[in-house]
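Below you will find the structure I want to go over with you.
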Amino acid sequence: MGEPYLIGEAMTGGYGTGADILQGCTIAVERGEIAVIVGPNGAGKSTAMKAVFGMLNLREGSVRLAGEDITQLSPQDRVAKGMGFVPQTQNIFGSMTVEENLEMGAFIRRDDFRGTLAQVYDLFPILKEKRYQAAGELSGGQRQQVAVGRALMTQPRVLMLDEPTAGVSPIVMDELFDRIIEVARSGISILMVEQNARQALEIADKGYVLVQGANAFTDTGRALLANPDVRRSFLGG
Amino acid sequence: MSDRVRGFVLFGIVAVLLLGTGFVQSWNSALLILNMGLVSAVMALGVNLQWGFAGLFNVGVMGFVALGGLATVLVSMPPVSAAWSAGAGRLFLALALAVAVIAAAVLCWKRLRKGVRGWVVALLLIAGFFAFRAVFDPAVALIEAIDPATTGYLGGLGLPVVLAWPVGGLLAAGVAWMIGKVALGLRSDYLAIATLGIAEIIIAVIKNEDWLARGVKNVIGLPRPMPYEIDLQNDAGFVQSAASLGFDATTASTLYVKLGYGVMFAVVLVLLLVLAQLALKSPWGRMMRAIRDNETAARAMGKDVTRRHLQIFVLGSAICGIAGAMMTTLDGQLTPGTYQPLRYTFLVWVMVIVGGSGNNFGSVLGGFLIWFLWVQVEPMGQAAMTLITAGMADGSWLKGHLLDSVQHMRLLTMGVILLLVLRFSPRGLLPER
Amino acid sequence: QTSEAKIGVILGFTGPIESLTPMMADSAELALKEVNDSGNFLDGVTLTPVRADSTCVDSAAATAAAERLVSTDGVVAIMGADCSGVTGAVLSNVALPNGIPMVSPSATSPGLTTAEDNGLFFRTSPSDARQGEVLAGILADKGISTVAVTYTNNDYGKGLSDAFISNFEANGGTVTLSAPHEDNKADYSAEIGALASAGGDLLVVLGYSDSGGKGMIRSALDTGAFDTFMLGDGMYSDALLADLGTDLDGSFGSVPWSEGPGTEKFKEVSDAAGINGESTYTRESYDAAALIALAMMAGGEATSEAVKDNLLAVANAPGEQILPGELGKALQILKDGGDIDYVGATNVELIGPGEAAGSYRFYTITDGAFETVDFR
Amino acid sequence: MIRVETLHRHFGGFRAVDGASLEIATGSITGLVGPNGAGKTTLFNVIAGVLEPTSGKVFMDGEDITGMPPHALFHKGLLRTFQIAHEFSSMTCRENLMMVPGAQSGETLWNAWFGRGRIAQEEAGLLKKADEVLDFLTISHLKDEKAGNLSGGQKKLLELGRTMMVDAKIVFLDEVGAGVNRTLLNTIGDAILRLNQERGYTFCMIEHDMEFIGRLCDPVIVMAEGKVLAEGSIAQIKANDAVIEAYLGTGLKNKETVG
Amino acid sequence: MEFLNGLVALANFVLIPAVAYGAQLALGALGVTLIYGILRFSNFAHGDTMAFGTMCTILATWWLQSLGVSLGPLPTALLAIPFGIAGCAALILLTDRVVYRFYRRQKVKPMIMVIVSMGVMFIYNGVTRFIIGTEDQNFADGERFLIGAREFKALTGLDEGLAIRTTQAITVVTALIVVAALFWFLNRTRTGKSMRAYSDNEDLALLSGINPERVVMVTWLIVAALATIAGVLYGLDKSFKPFTYFQLLLPIFAAAIVGGLGSPLGAIAGGFVIAFSEVGITYAWKKVLGYWLPDTLAPDGLVQLMSTDYKFAVSFVILLIVLLFRPTGLFKGKSV
């Protein structure tokens, strides 16, 4: 097996001039696979995602996409290279309507994105109902759906999701995971942080457990689920 | 550099600038800058209380400063007895009428049903307004007719002028309370423009109600807390002791008076600074910062945000009022036309932000520094221009034009320095933490 | 004796009258240059002007600037300040304590007449109390009995309008409405609307020619609210005519001025020096500076005391009359122990506590030009 | 403890809460679930005084508290957390907690100036308490960190921590669990049970994690489209067809086919 | 006839001036509101930006006039506006590069930006005066009136005149066109939407592939155009004097805020609210009522609610009342 499609290797770095949050952690995802990151609060999961997306200055380590070193690229350039990201917080344009939020997801696309828009509305019917409402007026779960929808609109080749299911109802969560599987099957790589870890690991090809900015366990999703240590300390038994 | 060291260094720099002014220019200039610097620092402290502590965007500083100035006239000028006997009774009747009408309107608003109350209140206010004008206008005409070139107003109470400082604070506080009751529900920039407008209204009243403080005709020659230099110069004892210190009488007297003001202002500043600092470093200050950070959450945590906002708005405005009274005392005159937002509101804001909002010492530092610059950029600009043109041929068009424009260098230099300072410490010279 | 004496020139180079002050300063400096060039001044002492910004409105900044002039630059006398408000501040906060004489070319507020000054304050412009009488007199002569008034909302405008209105009403006239206007504001429709409603045979404009006053006139002409105006001193400027052209024909006004050779001579002198001397208060500025120099000469030393003690003497009779451009001659006379009566560009005659008695030129505007009717 | 009577809250024409009536019994841990946008948070906001109801009434211990401002409700012992964390971002975690208790004598200016001794004493107590709470939430290493710099989950923990600073009668928790590590969430669940049993707190919590709800809550109220859809024990709810259809769903379709 | 006379008087002294002044304010407020909406700070340098743009236009006008170019009845300055915009844009972009960008990258609070813009204001202030001086410049040529008061009287035989200035008409028309264009641009075009997205959530905009520098640049370019157009139209109608442009800042901000910061429609509405309250409330009704009422009822007094001394105060009172009922302005503005 060659190099993974997207890899953040031995990443070390922190916010501004503060202490290192990431301590040489490595995260990778193959083409068409789902990789899930779990770990305690404050472990550095979101930080790792941001680092992979170039929103953080790495002091050491590198990020490579399809073999190309992209460590120095700006987030925008990474978007242009086919990466999509849903941050954990502040992941919608509150003052814009739902539909405009989705359109912004398709900002870099020059083709006709109405098909994708319809797909997103199919996936989250409530959004279609609220398409002309300001996203900031939505409920917590609805916002989350907008955020994921926005990223899907990009039609990225790698989709990075930071806790996409936080606050969404079980039925929507199932839909979402279903859709993620579908997306992955179409050849898109998914890198995702989850606290609903058991459901997430069930569908994951690969799982990472991060603790204090470093890799603690790495295995297939199933294997991690089966590991009693991991279950007890990180998955709530 | 730790915060404390940084603070010492920066205050040291200000001290050096002032001392430098003393050595290079003159001690009178240095003291004058120091005195206005003290007053500015007090104003900045007031604004910092509102913005830095509680996040209230008050751009009406000018209004409160002017109220302090008004208090100085009302407290210290001798009463004009002719005017009092001419129309004062009627005038106060009119004012009482106005208060009654407003009280009735507020009462109606609170008591009546939603549908009708708007109309009733509007009607009441309009009718009340005309009744008020009917009593008020003749009274004003009577008062203003009394020797308009020199008086034409009611005069003051003839009390010692230092009393005007607390009174100025109270006057500003009272007005701030009324404004706060109405406008504090507004958010950020909307509150800003509301306060800006109210300041303009206050100035408009002071400018146009001549019976109050002569309006734009100015009140000059206000009583002073310090002796007149001339009297000192004619006082043999003073001249002698000055001579024994090696000063000539004129210099000694001017320095003496300025020092006197300086000491009084410094006492006020230190007192207020201590109180502000104690307040900031207490649960009260913590509560205020919480309110500033997130009002919704603070409310949910049991803090009465509305009341606290009102409290701090009143306090901060009162401090501006005190500063305004001090400044008018120093000027020795009330000239309403000179109240311009650029000078009395925005410059104070520059002081607070450059100093570092949320930090009391920062505000004081900003007060001194920005005032120093405001005064000294003029010679600085001139010097810069002389330097620039030094190499040019005499009589060239460009040189002439540049030298003619030297006065515009004042604000330009101010802008450049402001940007430079903020460039090197974008969160202010002494940031909050 | 030092070979240089400094004179402060404190005018509002920035602020609401920033467009008037450069010419005023130039005129003042022209006088000083003339004195220096004559070579007759006090054994070769040179007078050096030092400019400072009064801002016209910010008393504190003006005081600071004046303080710097006095204590740092060591000026011995001040030509200035310009606006009445800051003039009062500089007078009581700087001039009085330091014993520095001030000669203001333009602070015309009646209030300054009674201000405490210890004999240090002079002005080459008359108090507006007098101009009020003159203006009312003009109307009386013309038989106009109802007018509307607008004035710039400061001590000058208010003082002048008070003086005018009381004189006018004493003559039996009626003021339909007296509305102030703020200078340099964006729009004057409201004022014009109210004044038009009030009506009147003409509009009396007591403001500044390049500022609110002009704005008011323009607005009045544009809407057809008034077509005749009576103008106060602040309105007299060529620029006004240049801008409004023949629309002002038929309007009239008064301006501190004197008949005769002084004024014309000043125009010659200033033209020769390439200075625009036809702006407001340029003549007064020239005279103020000249008086300071002459008073020093009369006192025999370039000191504050000399100015304070001799200014009235050189300004008034008896003595040989001195016009602009004749400062050298005047210095010579003084040197020789003679007496002079400085006439200058404005027919200087200082009365009372040291302010110009004021003679006014009553002019009308015909074919887009000022035309003198008489002097009063 | 809390009784809500035909409560309405409309946004323009939209009925976010549409005539909901429910009761929260004293001493219970009541779960509130429902699809996204069902109006749960809006209901909380109306009860907690953040939003005015369009119509309807809210009672607490029989007293009409409709439209009372939040700070007054706080002093009556009604506390709440926010779904989207509302930390005081420029203050440290410790300060975030220490500011919570009401009626601190240092909160009046007079005492801040002249009662420094008493304040110092009180502060010492508050500090101890705050540190205990931080310890419990496993974020004691962050006590001097600005709350704005916390991770998403840590902010939620801090949000919860605030309710632990005072003795409350009833606590409304809006999805404290979302974004919190499941192992930690279990510990939090234990704490909630303990507070409920030992100190008699009443809880009402919105949560989408059915396992968590199942462990703690009885009864569970289901809301949908602004109305109460069902109420009962967790078992009853899980078996309710309407609830399954609207909220719970039937699991993943694609799951079986994955690797 | 009497009734018509009254109506004409009212139109001449209240309606037309207020509409024209309102449009002038609105054009200025549009610039302020756009900067607030996209870049999220209150730009104090806007008045001086307007002055600078106008100055460039004036210089270009003089140049065109010296070449003998003229627009007939319309002011030559209209032709020179593109040059003015270019000059203004160059200055603004330079400022952004040298000043604002640094602070933007530092992610400083909006308040710091406000103070920075004050520094920029001081500098522009100096630069403009430095180049063109402080004096009044009258650069209007062409026909001043669409219809003058005297003409109108002659034409209609009424006692009252009605004057409409060319510049007033141009200003009103321009304001309406510009607002519509801006509204359309922000809400319907890709670039416009990306600008709103940027203002809403900068980081997320980045994640959507929006280039922030481009957004900022486009914003400044539009601002330069708006400021120049507003400044030139104002200058044509009144006259150009740097200090007055600084003074315009206050009513412009008031207009932007009553309308709701960030909203182009709000800027127009706000401009009219401010203008009408300034001109309308202090109007003396004597003349109009004199026409409308029978002679016996004609008023002796001025029938003026407030003297014009308080016109500014009155407009702020109205502003306050509007804000009390609509705390973020007439058109639901933003607040940072």
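The first chain written gets the first letter, and so on, giving A, B, C, D and E; residue counts start at 1 in each chain.
In this section, a contact is a pair of C-beta atoms (placed from the backbone, for glycine too) under 8 Å apart; a residue touches a chain by one contact, two chains touch by 3 or more.
These are the chains along with the protein names UniProt gives them: A, D = Branched-chain amino acid ABC transporter ATPase; B, E = Branched-chain amino acid ABC transporter permease.
None of the values given here were measured: they were computed from a predicted structure.
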Out of curiosity, which chains are bumping into both chain A and chain B?
D, E
Keeping to the contact definition above, tell me which chains border both chain B and chain E.
C
I'd like the Å distance between the centres of chain C and chain D, where a centre is the mean of that chain's Cα atoms.
74
So what's the Cα centroid distance for chain A and chain E, whole Å?
46
Two or more other chains touching the same residue: where does that happen in chain E?
129, 307, 309, 312
Quick check: what residues of chain A touch more than one other chain, meaning two or more?
none
Residues touching two or more other chains, restricted to chain D: which are they?
none
For each chain, which other chains does it touch, given as pairs?
A-D, A-E, B-C, B-D, B-E, C-E
Mind listing the chain C positions that touch chain B in their complex?
13-14, 18, 22, 51-53, 57-61, 63-65, 67-68, 70-72, 84-86, 88-89, 92-93, 96-99, 109-111, 113-116, 118, 129, 153-155, 157-159, 162-163, 166, 180
Hey, which residues of chain A end up touching chain E in the complex?
53, 55, 74-76, 79-80, 84-85, 87, 90-96, 100, 103-105, 107-108, 150, 154
Quick one: which bits of chain E touch chain B in the complex? Just the residue numbers, please.
36, 42, 44, 99, 102-103, 106, 108, 111-112, 114-116, 118-123, 125-127, 129-130, 246, 250, 253-254, 257, 261, 305, 307, 309-310, 312-313, 315-317, 319-320, 323-324, 327-329, 333, 335-336
Flag every residue of chain D that touches chain B in the complex, lowest number first.
48, 50, 69-71, 74-75, 79-80, 82, 86-91, 95-96, 98-100, 102, 104, 106-109, 111-113, 116, 119, 122-123, 162
What residues of chain E sit close enough to touch chain A in their complex?
190, 193-194, 196-197, 199-201, 203-211, 334
